[in-house]
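Look at the two complexes coming up: chain A is in both, with chain B in one and chain C in the other.
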Partner chain A sequence: MEAEKIIDSLNAKFPDTISDSQIESEKRISAYAEAGSIVEICRYLKDELQFDHLSSETAVDLILKDEIEVVYHLSSFGQPLVLKLKARLPRNNPEIESITSVYWDANWYEREAYELFGVQYRNHPNLRNLVLPDELLGDWPLRKDYEDFPQKTAKNLV
Partner chain B sequence: MDTNIGPDEMLIHMGPHHIAQPGPFRLNVKLKGETVQDSDVEMGFIHKGIEKILESKTYLQGIPVVDRACYLAALTNEEAFVGCVEKLAGIEPTERSQYIRVIVEELSRIQSHLLGYGEYTEFIGFMTMFFYPMTVREKILDLLEMTTGARITHSYLRFGGVRDDLPEGFEAKCKEAFALLRRGLEEWGELMKSDTIYRERTVGVGVLTPDTAKEMGVTGPPLRATGVDFDIRKDEPYLVYDDLDFKVCTETAGDVYARIWVRVAEIYESMYIIEQALDQMPSGPLFPENLPYDRRAPVMRVPEGEVFHRVEDPRGEMGMYMVSDGSDKPYRVKIRGPVFPTMQAMPPLIKDSQLADVVAIVGSLDPCVSEADR
Partner chain C sequence: MAEELTSQSYEQPAPKEQAQEESIPGVITTTSREINEFLKKTKIQDILNWGRKNSLWFMSQPMGCCGVELIVAGVAPMDTDRFGIIPRNSPRQADVMIISGYVTRKYFPALKRLWDQMPSPKWVFCVGDCSISGGPFYESYSTVQNIDEIFPIDVFVPGCPPRPEAIIQGFVEIQKKIETKKDRGSGYEG
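Up next is the complex of A and B:
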């Protein structure tokens, strides 16, 4: 399916919850989703639009906007397209529904985003730390304010 | 996993240092007799925090760091990282350096598959077999060493090109090594195909169907062994893979035996790609003329933006998601390694199999734990 058709179909199906959808390049599409309806959107993408592969799921800490963005990269085994779906969450209480019911392999990605950023996934089957030791849980080490932000830049190198 | 065990059940911890594991991770298996009831993977024993480290390194300093994510696929990791920066900064590498990159990355795939092949045979108790591929692998590493200066962590790719041109006598040495490798593969193939015990241990063991493999997000040889021809080099061609003739190697059985043959077929295919690349390679400069940064610039401010770049790692789909805020360091880098979802698929895959088969199944997935932990 072509990129334009996918965007049209998404916008028509979710007029209120999908925003800023655009074609970034030949094989990349991006869109913002309302955090509350992420599971329905993913379900629709997987069942109707052939996005049957979760390439990655992660979070980005946008400290200046006071937001945490959860980023899903959905791709497909059949078509060479990657859809970057983002959801904005408030930084003091990042909470979103888990998509493990749609994509089985989101399980570990979500555990990782949880321990590194503190994103709370509702209805996750097993939300506990994956790579970090228990002592580090709660420090959210990949957030930008973990041990002094902004860090030193390379200015002193030149 | 429910750790409560019944009167006739047993909990076994395999690892973090187990003789039959390619890297430190712990596999907790619950057994009833010899049959696996349930299992659970524990990770983080070599968590290096590479994603955080990259945020405090300049782009150029990032190259040796991504090398360390998986020491068997250092060049494809670099390709993903360098490709991200090139896309963000709008740099197009010259044709000659693209060909050189293809050659070194395919060499890296060969050496990784050879280790995977040898290591796997060791896991199932075919100890002698381990040393045959390792001897030839050393010849491939010699080729990489004479080009990049290092055996395992190369730091060879640069934004817009490669550090050095191919050395003199590379082609001749390549031919020599490939002749040795072709002869070896034939011999070992015969050895393994005709071995009844080997077949009994691998045929029909750890079967993945195409649908479950897709559902679990497994990529690379384990997926291709089920018959799905998913290969980033074909689906989303990067570098000059478009101009090269190669096929995606698949099998249909989806079991341990098929996974090994996919790797062997890919070694042949990689050799074919390298020979073509050596023939077709144009002469010319290594770096484009209008490079926006100096080749060794310690500080380069990459325009704001974000990109997701995928390459085909020896183990599957390797993607990096890079966010740049216009400063001299990446704002966020997410490394999406192929082993992460593959390791996640282990517990369902080994369920209901025999304990002795666990090692064969896990070994056949060729997991590089270092990359899953990052």
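Up next is the complex of A and C:
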């Protein structure tokens, strides 16, 4: 399926919740999704538009805009296309529905985004820290306003 | 009746009984380190040091990419066996711990536990820039900085990663320190 056809199909199916959809190159498409309907959009992309693989899922802290973006990279085994889907969340309460019911491999991606950015995933089967030690949980170390870096200067630093 | 039994079974032995020496017929036992401290002042310590420096068994717990160089240092082309330097998998059989990578806040308790499991005398040395100063991660949120304030480190081997020859030279430096009684592992100060 062509990139333009996919964008037209998405815009026709979700006229209110998909915005800023554009073709970045002939292999990459990007779109913004409304946070409330991310599961329906992902299910439609998987079932109808052959995006059957979640390549990655992560988060970006945009402190100047006061929001956290959740980024999904969806790719396909049948067509040479990558879809970059983003959802904007408020920074003081980043909460979004988990997409593990659609893509099961989102489980550990969402746990990592939870421990580093504090994104709360609703209906996640096991939302706890993935690799971060327990005493650091709750500090959200990859947010831009994290300040508990080690303050001692490394005296052996060359 | 039942209460008495449970209270007796959970009762801890009195501290006086614990401090009493265990009596083995024909064997004099002691709980002090006096013999050890006395031997350090005599010529016997030189013989002990000669034996110890020629059998520096290191614990193989690679923590980063410098661990690959440790493997190279142990195999046939470098052949550390000729110095008596053999990798051991168990900390209870090892004499040397090699901190060969960046120490995170999650790994530090495990490293401390491995160090406590090693029997004395024991030596530790740093291999690579990450363990010496933190390397590229020195300001990260999960770094344990200045590892030399925590472990009594004798030798630093810089490099990113150091070559196997440099690691062997680190062992040779430890051997020289043990021979001249300047190492921190034997506890000459205390």
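Here is the rule we go by: the second predicted complex is superposed on the first by the 147 of 158 C-alpha atoms of A that agree within 3 Å, B and C clash if a C-alpha of one lies under 4 Å from a C-alpha of the other, contacts with A are read in each partner's own complex, and residues count from 1 in each chain.
The rule is short, and it goes like this: a residue touches a chain if its C-beta (ideal position, glycine included) is under 8 Å from a C-beta of that chain, and two chains touch if they have at least 3 such contacts.
Keep in mind that this is a model prediction, so the values were computed, not measured.
Q: Which of the two partners, first being chain B and second being chain C, lies in contact with A:131: first, second, both, or neither?
A: both
Q: Specify the partner with more touching residues on chain A, choosing between chain B and chain C.
A: Chain A has more residues touched by B than by the other partner.
Q: Mind working out whether A:53 is in touch with chain B, chain C, both or neither, as first, second, both or neither?
A: After superposition on chain A, A:53 lies in contact with chain B alone.
Q: For A:73, decide between first (touching chain B), second (touching chain C), both and neither.
A: first
Q: Taking the superposition as given, does A:28 touch the first partner, chain B, the second, chain C, both, or neither?
A: first
Q: For A:63, using the defined touch cut-off, is the partner it touches chain B, chain C, both, or neither? Pick first, second, both or neither.
A: neither
Q: After lining up the shared chain so the two structures overlap, which partner does A:141 touch, if you call chain B first and chain C second: first, second, both or neither?
A: Both partners, chain B and chain C.
Q: Take the contacts of chain A with chain B and those with chain C, and give the residues found in both.
A: Common interface on chain A, chain B vs chain C: 131-133, 141, 152, 154-155, 157-158.
Q: So in the complex, the part of chain A that touches chain C is made up of which residues?
A: Per the stated touch rule, the residues are 131-133, 135-136, 139, 141, 146, 148-150, 152, 154-158.
Q: Quick one: in the complex, what on chain C touches chain A?
A: Spelled out, the residues of chain C in touch with chain A are 105-106, 129, 132-134, 138-143, 145-146, 148, 156, 158.
Q: Any idea which chain A residues touch chain B in the complex?
A: Listed in rising order, the residues of chain A that touch chain B are 27-28, 52-56, 58, 60-61, 71, 73, 77, 80, 82, 84, 103-105, 107-109, 116, 129-133, 141-142, 151-155, 157-158.
Q: Under the definition above, what is the set of chain B residues touching chain A in their complex?
A: The contact residues of chain B facing chain A are 43-44, 47, 49, 51-52, 55-56, 58, 61, 214-217, 228, 230, 235-236, 298-299, 308, 310, 317, 319, 321, 323, 327-329, 331-332, 334, 336, 340-341, 344-345, 373-374.
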